[in-house]
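All chains are identified by letter, namely A, B, C, D, E and F, in their written order; residue positions are counted from 1 within each chain.
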């Protein structure tokens, strides 16, 4: 990425946000207890409808209580899944963001290392199972 | 996969296992409390050294107490990471195997749906962050 | 996948659907002009909230007029993107489903071949650009 | 990438290009109406035969008229597929390059947002279909 | 894939092949010393220009002597790369095809296990390097 | 990645390494004939058990003689597989590291170009085989 650019499109600053964008920005900061809007959302705001769609969904899944939903998974487990998916996809922005979230939730680097060990292990065994085209073991019927 | 084949190489049956392969097979069944050796391991056994390497590592990470190690993550969290990685990679054998493990640990399909919701969400936002080449937000220095 | 299973969890049949699930099923059939609910949705229904979230989002993006939104992309272009993403990810269910959608929209196999040629080309050049770690060309600043 | 490097191998400058490389460089600039040769091609030129192979194929698929072929897809649709594939693969060079191409063809950022919305959506549903190992719906025979 | 289908489009049988398709089919069988045309090519033939493009490129890279080119890599090394890429991408058709090619070239299953060990190892370390966003070590300038 | 960071966690310097970490660091430098410990290992050291697990495995597979094992693949072939996997996954750190290793083993950029040509080719055909959901050709039974 050439210096001075944060994305392939010009992000919408908080000062320039109006209407739907301003409302989503405010909800992001309130829900996530942030003082500024992260780059990701400022870039999505180049299409306000898409910004709203992504935020509504992320809020429902990652902040269920704020969205008026109940959830069985706890926030730490959800962030662990987020970092596992992001590491598997090799998404730089996402790995940084979700690692920061895990640290903020109190996870130390040694425990993070355990998460990564599991991530590394299954990226390996996934490749091996595909490499040999191993068929699933006979499983009991779902019911 | 043509009918009657379970992989691209002929798996080593339990009856045919000797030496290092037989020892690993026995340890897999004991550690995982299984009555037969899953296809994955029977295929890896076509190279006994590799079988041993993969099993030793998986045992250390997924069955730390059996390997004489302590761990901060619990077994359910480890299996959740396994299924998140496997779903992201689209590995059929692995998704089947780790979903079965989650069910065996007592997870109901509604909670599994929450896991999958998080997996689906971040596969989407990962693609979007990459799609726009969003740069990481300024983060506090690690320490 | 063992014979007789369509997924790792038991799908919710249309006959068994009630409440939120029944409402989403009805909307899927009406919006997509289908006589039965595809497997994908019947599996998601094992977590009704997740079913609703995914459907709401897909409807907004792929059927904007039904969701009361306007869109600049036409339905054929959207399905072309869907098949390009699905082929790149190697998702069997998705490739089948979106190829069927393209055919239903009138695309012949020769034109589909052109779509696939572009998909194949860029999966190759993407790997090459990553393989050599090519830096982006200097671009004018976005504004 | 350490500063001052644009790739893992030394690119071939236009000044240093001779023979097959010079001929391909000239054709790239003419066909794509560019004033300089992008980094990608200068890196491939470290193996002139490979440079020629990749260019010949890209020209045939992305610039069919220049290659003396006819095509049913229009240039905008081809670039939309290119960016969808590149975003799905998370290829930085490619996302930058094809987003620039879409902008040059006149696409505004709001429409780009619609493209990305579809890309994001199907990266999510692909993961979900794989996550649950959903089998294809019964389809009519092709013919 | 519903029974009785080999792809999402109807493949072109050898009996039905004419013109460009027939010529490519003949060259595939001659170059690869096969008695029938594999499914992959019969599916690509639904767009004859694309069939020709893919075959011309594969022939140049994988059968350089038949294409009148010289090469430094030997056929076994090329097939090893093919299976490594295919396993990493989890492509079922490709893993089957390239494993068969390796076996035909004389590789025994134990050596194949070594190939797979390396493939599995680096799918793991790739994920870990991405998981921690490790920056490249300072490298000497290329020259 | 914000300037001045080499990863999402603080790497363990050689000066700060003690116990298990110091022992692994020493073995890495001895086995790989390096004067300093690469970033990758210094980051993994934030969880000493994981560092040891990854190194033990990599040593066994990539430096079999040092691990007291024999191997049929030669070091160059193993590094070729490493770069093929890393390029396919788009892992920046890994592509840099394994390209450097190939160059150190004496591979010139033209031969590297042949490796990349094969990598690029099969990333394309993998996508095409998945894009059309091509079924494996009928293969003789394994034995």
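Rule of thumb we're sticking to: a residue touches a chain if its C-beta (ideal position, glycine included) is under 8 Å from a C-beta of that chain, and two chains touch if they have at least 3 such contacts.
Treat the numbers as computed from the prediction; the structure is a model and nothing was measured.
**Student:** Determine the set of chains touching chain E that also touch chain F.
**Tutor:** A chain counts here if it touches both chain E and chain F, which gives A, B, C, D.
**Student:** Given a C-alpha superposition of chain A onto chain D, how large is the rotation in degrees, taken in steps of 5?
**Tutor:** 120
**Student:** How many angstrom between the C-alpha centroids of chain C and chain B?
**Tutor:** So the centroids are 27 Å from each other.
**Student:** Just give me the whole-number Å value for how far the CA centre of chain A lies from that of chain C.
**Tutor:** 20
**Student:** Enumerate the residues of chain F that touch no fewer than two other chains.
**Tutor:** Residues 1, 5, 7-10, 44, 49, 53-54, 57, 61, 88-92, 95-96, 100, 110, 114, 116-117, 119-121, 123-128, 130, 132-133, 136, 139 of chain F touch two or more partner chains.
**Student:** Looking at which chains touch, is this a line, ring, star, complete or other?
**Tutor:** complete
**Student:** Name, in rising order, each residue of chain E that touches chain C in their complex.
**Tutor:** 1, 8-10, 44, 46-47, 49-50, 53-54, 89-91
**Student:** Considering only the defined contacts, which chain C positions touch chain E in the complex?
**Tutor:** On the chain C side, the touching residues are 90, 92, 95-96, 99-100, 109-110, 112-114, 116-117, 120.
**Student:** Which residues of chain F touch chain E in the complex?
**Tutor:** These residues of chain F touch chain E: 1, 5-9, 38-40, 43-44, 54, 57-58, 61-62, 71-73, 77-78, 80-82, 84-86, 88-89, 91-94, 96-98, 100, 110-111, 114-115, 117-119, 121-130, 132-137, 139.
**Student:** Which chain A residues qualify as touching chain C in the complex?
**Tutor:** For this pair, the touching residues of chain A are 1-2, 4-5, 7-10, 49, 53, 57, 60-61, 69, 136, 138-139, 141-143.
**Student:** Okay, in this complex, where on chain E does chain A touch?
**Tutor:** Those in contact with chain A are residues 83, 87-88, 90, 92, 95-96, 116, 119-121, 123-128, 130-133.
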